[in-house]
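Next, two complexes with chain A in common: one pairs it with chain B, the other with chain C.
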Partner chain A sequence: MLLWSAAARSTAWTVLGLLLLLVYGVPLGLILLASLTGQWNGVLPSHMTLSHLAGTLRAEPAAQLRASVLTGLAASLAALAFGTWAALALRRVRGGARRWLELVFFLPSALPSISVGLGLLVAFSRPPLLLNGTVWIVLAAHFVMVSAFAYGMVAAGLAQLPAELEQIAESLGAGPLYRLRRITLPLLAPQLLAAFSLGFALSMGELGATVMVYPPSWVTLPVGIFGLSDRGAVFDAAALTVLLAAGTVAVLAGAARLQRLAGGK
Partner chain B sequence: MSAARLVWLPPLAISAVLVLYPLALVLATPLAAPGGFAVLGSSLFLGALVRTVWIALCSTAGCLVLGFTLAVLIGFVPFRGAALAARLVDSIIALPTFLVALAFTFVYGAAGLLNGTLLALSEAGPHALPPVDFLYSQWGVVLAEVTVYTPFVLRPLLAAFAQLEPAQIEIAGSLGARPWRIVRRIVLPAALPALLAGGSLCLLLTVNEFGIVFFIGAKGVITLPLLVYDKAIQEFDYPAACAIAGVNLALSLALFATYRALLRIGTRGSGGRG
Partner chain C sequence: MTRPADAAGASYAGGIAMTGVTVRYRGTVALDAFCLEVAAGSIMALIGPSGCGKTTALRAVAGFVRPDAGRIAIAGRDVTGLPPAARDIGMVVQSYALFPHMSVVENVAFGLRARGQPGPAVRARVAECLALVGMDGFADRLPRQLSGGQQQRVAIARALAIRPQVLLLDEPLSALDAPIRRAMLDELAALHRDLPGLTVLYVTHDQGEALTLASRIAILCGGRKLAEGPSQALYRRPPNRFAAEFLGQANLLEVAVEGRVLGGMATVRLGDTRLKVPDADIAGARALLCLRPHDITLADASAACSAACNLLPAELRMVHWQGERHLLELCVAGQTLRVSLPPLRMPPAPGTSLALRFAPDDATLLPHEPG
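Moving on, here comes the complex of A and B:
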């Protein structure tokens, strides 16, 4: 406790409340309000409507939502498999090789999303692998953007597991696959779930790498939202953004709840 | 046994194809094109470079000040719901960054809450109040980035404060130390590793930020990632885009190395988890 007098404490709370309201409450509240706005010329909207939210069900945004969800699922599952494999494999590697491999697996988290997209665009618009113009280049971009986070979360979870568990199982005669399936992976379950849900959330909101590589046949929700906002359809853009944010928060909250139910934390 | 020792090869192969090979091509493309690096001498590029660094520095300073203020208030003036408030701010990390940029349209935009209020006051009062259009300057980008990236400072700070011995502050307080003095002499030194690590992470993320700048779409506010996009997607000038991306990458990797080094120092200093 830093402040002893009741007056000083309530001043501090007021300051905190105002800061949080101004920095986070007002923008989040207003984008929600905008998604319900019919017309906004004065201080606040002059009339409200559900048509923008209903409009998110139209064919075009629905197809974008579908593309985003499918991309998010595929990219985050692939990143989860990659990250788990990489983290498990690195347990056996020591010294300089380990540091270099860690660096490679972490590298994408330091890269500008635009450069990731540009790199894929340049690399896969030429033989031997022609992926430009296909869904695969979007999947590759999303995979790269979330893979480092998946690796990092699984590696952090693995570092907290007691090493003796596996050694005891080994001394009792359990083979490597059996140990992995019956001991390590179940103990890692909370981190695997968290890595998957964060990867999905990040992929759903990915914009920079996607705008560099997406084909017209695979427009993700953030790209669609930018198109609306750019055309001046800001209330439609707000409605889709609210939908995207609500979906993301729901997935993360659901995963956190599942973790608690499973007795993780 | 030899197969088991090479178990790290498949993920490395995937990284090589999807990360390292594309990066190598980005660096090599301007080398192959005649005059491929010419764009790096243009005032357009130099302006974008200076603006990117300036926006990143201002945003990071803002994140550090706001993050530290919030962390001290949440961490040391306990109230019910503090954990919830911290969790809400934290959830911003998982949301797309352009959400805040779009939301700012309705707060500070041409027809938003602020300008609507100013207009209403102008019509009601004797003085005409000019509309505020800072959103479409670099300060709009800075404010949006502060909003989005403050959680990256707040999170490590709250973790550092949780490890601080509460008795230290209680005793200092009971010996008559003023709150300011306690913050300066006890809280700030304890927060320093987290501030350095969080600050360098913010620098990295703000140098690379694209969504916010793209969505605000202010005419004069062109950063390196936006310039790469313009060159590649609008002008199909891949050598120029790759040359600019190379500079952006070098900047990011230097900041990433700084972040990792500060993180190591921080964890070693606190004697906590390695």
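Moving on, here comes the complex of A and C:
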């Protein structure tokens, strides 16, 4: 403990708590407040109402939530599968080739999302692979945006896994698939669930690439929120943001529950 | 601990043969044309300082290291190109490497299930192996709920469950406290008595473990085998300076070889004193006389030399009390000599002139090598 006295520790905790409240609590609180507001002309809102939140139950926001959740699930699961495969495959590669391949896998995380969206739009707007105007290009954009994070988390988990565990399993007669199923993947479960959760959360909030490629039939919640705030419907946008946060938290809470069940043995 | 006999003990059979095995790590030679024969049913210990290649040799037998040259055979079958899963080995490592997400039973059953054994056979064999190592009361525990010694027993049971041709032990006791290590050493010896057909390759840096457990010892240094032989013979008659110093405590005194006498003995001169020692085929007039500290005793200063012993005048420099023993540090003809004695009631004072006695047969003449 760097701070020795109780007074210094409580002061540090208080300052930290206030900073966290300022950075995380205030924006979230204000969004929630805005979603309940009928009018906000002064310092404080007035004409409190549930009509904006009730509006999220209409067909259009529900469809947007469904599109977001399905896109998030598909993209994060695909990224998890790809990231796991890449991390497992790269364990066998040594030297310069490994560094280059790692760079390739991490590259999407270094690119601005709008560039990814533009790139996909240019690449898939003409034959032979015409994806523009379909759901698939949105899924592709989200996959590209989250795959690097999935790879990074699984690779970090694999690096922590003692090589002796798999070697002993191999010496006992376990083939590659049996080892993967019984040893490697179960021991990686916390990292796999974390990678999935991060990928899903990032996908749920993804806007930059999506706005470049989304078709009218597949509008995600962030695109809907952007559209509402662009038209000046800030309170409706705030209500949709609450819906987005609730949807994300619900899926992540389910993943955390799964993780606890898996780790509870 | 009373163990049930292993019903399938007879199926453990098969020696190890390493012929000219060379392993390089990025150009660095870790094992250099290494040859080793481990007879079926014996325990061979590989010892040596860190980086000597002993673990590399074991991992080459296991199949985790692919030799750049040479051949490895287990039970007469060439396994050089086979993956570890096809080598029929059991292995225990320093960290035990128990699967942390599996219970004791699941750990021990792992190899059998991986080989597609039917459920009833797996359950029977697992029970048999857990009883063999005295862990049958811990079947449902997770590894993290076991002590280090218990984890080690489970690791051994897991390795034995598949009835391997050979058991490879890579410093299995290094992570244990000294008292538990001694107890586990006794247990390993008892286990081998129960499974006399089991061939064991045991890697350790602890000479005590090797001497206690192994019937033969190979000493490695720099990827080469510097000495090999039955444990007692290697200790009593080390073939070179490195073996003498690595296996137990040794006094190595520079002596001049004066001549050979009848009965396989030689006369050497240490300062002004002539000593009779077993002859060895030493080229040149200089040699090293190896004397174990506990093979030397104090003699009366007036004692006369006889054919059955050598007398050596010495001056006492220091006395160290070590509880169970006294260690005397002496000067003999300008060279340092250490003597380990049972506790002395009245230890002599430093500076005292003493006479030392040792039997000719307790001395070994080694080729002269600078220290």
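Rule of thumb we're sticking to: the second predicted complex is superposed on the first by the 225 of 265 C-alpha atoms of A that agree within 3 Å, B and C clash if a C-alpha of one lies under 4 Å from a C-alpha of the other, contacts with A are read in each partner's own complex, and residues count from 1 in each chain.
One rule holds in what follows: a contact is a pair of C-beta atoms (placed from the backbone, for glycine too) under 8 Å apart; a residue touches a chain by one contact, two chains touch by 3 or more.
Since the structure is predicted, the reported quantities are computational estimates derived from the model, not experimental observations.
After superposition onto chain A, partners chain B and chain C are found to sit side by side with no clash. Residue contacts after overlaying the shared chain place A:I183 against chain C, while chain B stays out of touching range.
By the touch criterion defined above, A:A169 reaches chain C but does not reach chain B. In the superposition on chain A, contact of A:P222 is made with chain B only, not with chain C. Once chain A of one complex is fitted onto chain A of the other, the partner contacts of A:E60 are absent, as it touches neither chain B nor chain C. More residues of chain A lie in touch with B than with the remaining chain of the pair chain B and chain C. Between chain B and chain C, the minimal CA-CA distance in the chain A superposition rounds to 11 Å. No residue of chain A contacts both chain B in one complex and chain C in the other.
Only residues 62-64, 83-85, 87, 89-91, 93, 95, 97, 99-101, 110-111, 114-115, 142, 158-159, 162, 168 of chain C touch chain A when the two sit together in their complex. On chain A, the positions that touch chain C within their shared complex are 162, 164-165, 167-175, 178, 182-183, 186-187, 265.
Listing the residues of chain B that touch chain A in their complex gives 4-5, 7-8, 10-12, 14-15, 18-23, 25-26, 29, 66, 69-70, 72-74, 76-79, 85, 88-89, 91-92, 94-100, 102-107, 111-113, 116-117, 119-120, 146-147, 150, 166, 169-170, 173, 179, 182-183, 187, 204, 207-208, 210-211, 214-215, 217, 224-226, 228-229, 232-233, 238, 241-242, 245, 248-249, 252-253, 255-256, 259.
On chain A, the positions that touch chain B within their shared complex are 1-4, 8-9, 12-13, 15-16, 19-20, 23-24, 26-28, 30-31, 33-34, 40-44, 82, 85-86, 88-90, 92-93, 101, 104-105, 107-108, 110-116, 118-124, 140, 143-144, 147, 176, 198, 201-202, 204-208, 211-212, 222, 225-226, 229-230, 234, 237-238, 241, 244-245, 248-249, 252.
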